[in-house]
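Provided herewith is a single structure, encoded as structure tokens, for subsequent inquiry.
Chain naming follows the written order as A, B, C and D, and within any one chain the residues start at number 1.
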Amino acid sequence: MEPYTYELQLKVRDYECDLQGIVNNSVYQNYLEHTRHEFLLSRGVSFSDLHAQGIDAVVARVQIAYKNSLRPKDMFASKLYVKKEGVKYVFYQDIYRLPDNKLCIKAKIESVVTRDGKLLPGLPVFDALV
Amino acid sequence: MEPYTYELQLKVRDYECDLQGIVNNSVYQNYLEHTRHEFLLSRGVSFSDLHAQGIDAVVARVQIAYKNSLRPKDMFASKLYVKKEGVKYVFYQDIYRLPDNKLCIKAKIESVVTRDGKLLPGLPVFDALV
Amino acid sequence: MEPYTYELQLKVRDYECDLQGIVNNSVYQNYLEHTRHEFLLSRGVSFSDLHAQGIDAVVARVQIAYKNSLRPKDMFASKLYVKKEGVKYVFYQDIYRLPDNKLCIKAKIESVVTRDGKLLPGLPVFDALV
Amino acid sequence: MEPYTYELQLKVRDYECDLQGIVNNSVYQNYLEHTRHEFLLSRGVSFSDLHAQGIDAVVARVQIAYKNSLRPKDMFASKLYVKKEGVKYVFYQDIYRLPDNKLCIKAKIESVVTRDGKLLPGLPVFDALV
């Protein structure tokens, strides 16, 4: 069992499905990003407020395994935990269909933090998330 | 006061905002469509199931007044009611920011129903929504 | 015949199509916005540069008539002309499928210009577009 | 130098940029998918026609390294080549900003082919692409 520290439940929206009748591959990155940002907010960290201060969390690398497709009307749980690896904050994010908990997405998102475009070794508010 | 018959509460997702830092104009159509489809589901009518049977609800005309912009972290209520006008099902849809109930979007969406691409005068399951 | 002053030719991308197998209604607003911004660029006006200076073109009202659907592999021509009506810059925008020139979208987009969020009566660089 | 067999030139659209003022991470998957589908079309293979016949190319795994961000007004070249590895068709896809050819995206997209939802060992029309 993965050591998840945050979970967001969402529902597929019909416009997110493509001509194959399933959620388009790119949309899962929207789900994953929204989950990270809601996770940050739940800890008092706002992505948009940080950006306004010149501090940006930037995705450096994404790995996504597509296990099963989500379809119209599906509910799902988007779960994550985060580790610090060098200068990177690495988000381990999985998406499970509800209510049967079938694994749909297994993802690893590596991000770094920059201030005015320059790489930072880390940020205390992010270190507190790990 | 508008005679709303359905309300869905949603939250802005950061990826829905554009370089102006506000929700992109096109995204409100996503919100409005999702609200209509959830309204249909709440009445036992599935847009995707109907499509699989050759029956499609098709948007013929859209009018949207943009009153105030939604921003990152905003919650909002998406409300609607529907009238039959000739062969058209007309959805009156408004979006209010929460918690101050500021009007953001005032929209009128005219749709028709087709079976295998041919216009129908109406459909009992839709007539029951009015 | 409409007095178009700008035309952009584009091609449908499969991810823009929804489970009905046709371009999703909201995507046409993406096409229309991109056409306006490319029109502006063709006249030396950059939407993103203006934003960086605190000047924003803001959509106040949209009317879109959906005449025929675009589908995977379709090419189309997105045409426009613009008029000044009071403080509004009104874009008349139509989309035609190629090569048969079938009318798909007939739209009227009313926009205003703001500086630091305050309504301007107009802007010389925009007046020059009319 | 990578042995690219296909190249598509595109331009960033402003609505593809998020509140950071750069192309949103998920949008690159749109670019990559569109490039693959246009590559297929250039070889006489239509993704949407195959789907109508019950044959689907399905993405199983995605790895994307984000090297540099694309911004409003940027042009870019999206290049690919494909290899068969077991039952997988592996697309190696890179995106370069134009005209300076700065590497923006380095991606590996692993896909499989299914007929009526069942995995196929391969498909002659796809084998011909390698």
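Throughout what follows, contacts are C-beta pairs under 8 Å (C-beta built on N, C-alpha and C of every residue); 3 or more make two chains touch, one makes a residue touch a chain.
Everything quoted here is computed from the prediction, not taken from an experiment.
Chain centres here are means of the Cα atoms, and by that rule the chain farthest away from chain B is D. The angle of the rotation superposing chain A on chain D, based on CA atoms and rounded to the nearest 5, is 180 degrees.
Here the CA centre of chain B is 22 Å from the CA centre of chain C. Distance between chain centres (mean CA atoms), chain C to chain D: 27 Å. Within chain A, contacts with two or more other chains are made by residues 14-15, 17, 19, 21, 24, 26, 30, 33, 48, 72. Per the touch definition, chain B reaches chain C in the complex via residues 19-20, 24-27, 29-30, 33, 48, 51, 56, 58-66. Chain A makes touch with chain C in their complex at residues 14-15, 17-19, 21, 24, 26, 72. For chain D in complex with chain C, the touching residues are 13-15, 17, 21, 30, 33-34, 37, 41, 46-48, 71-73.
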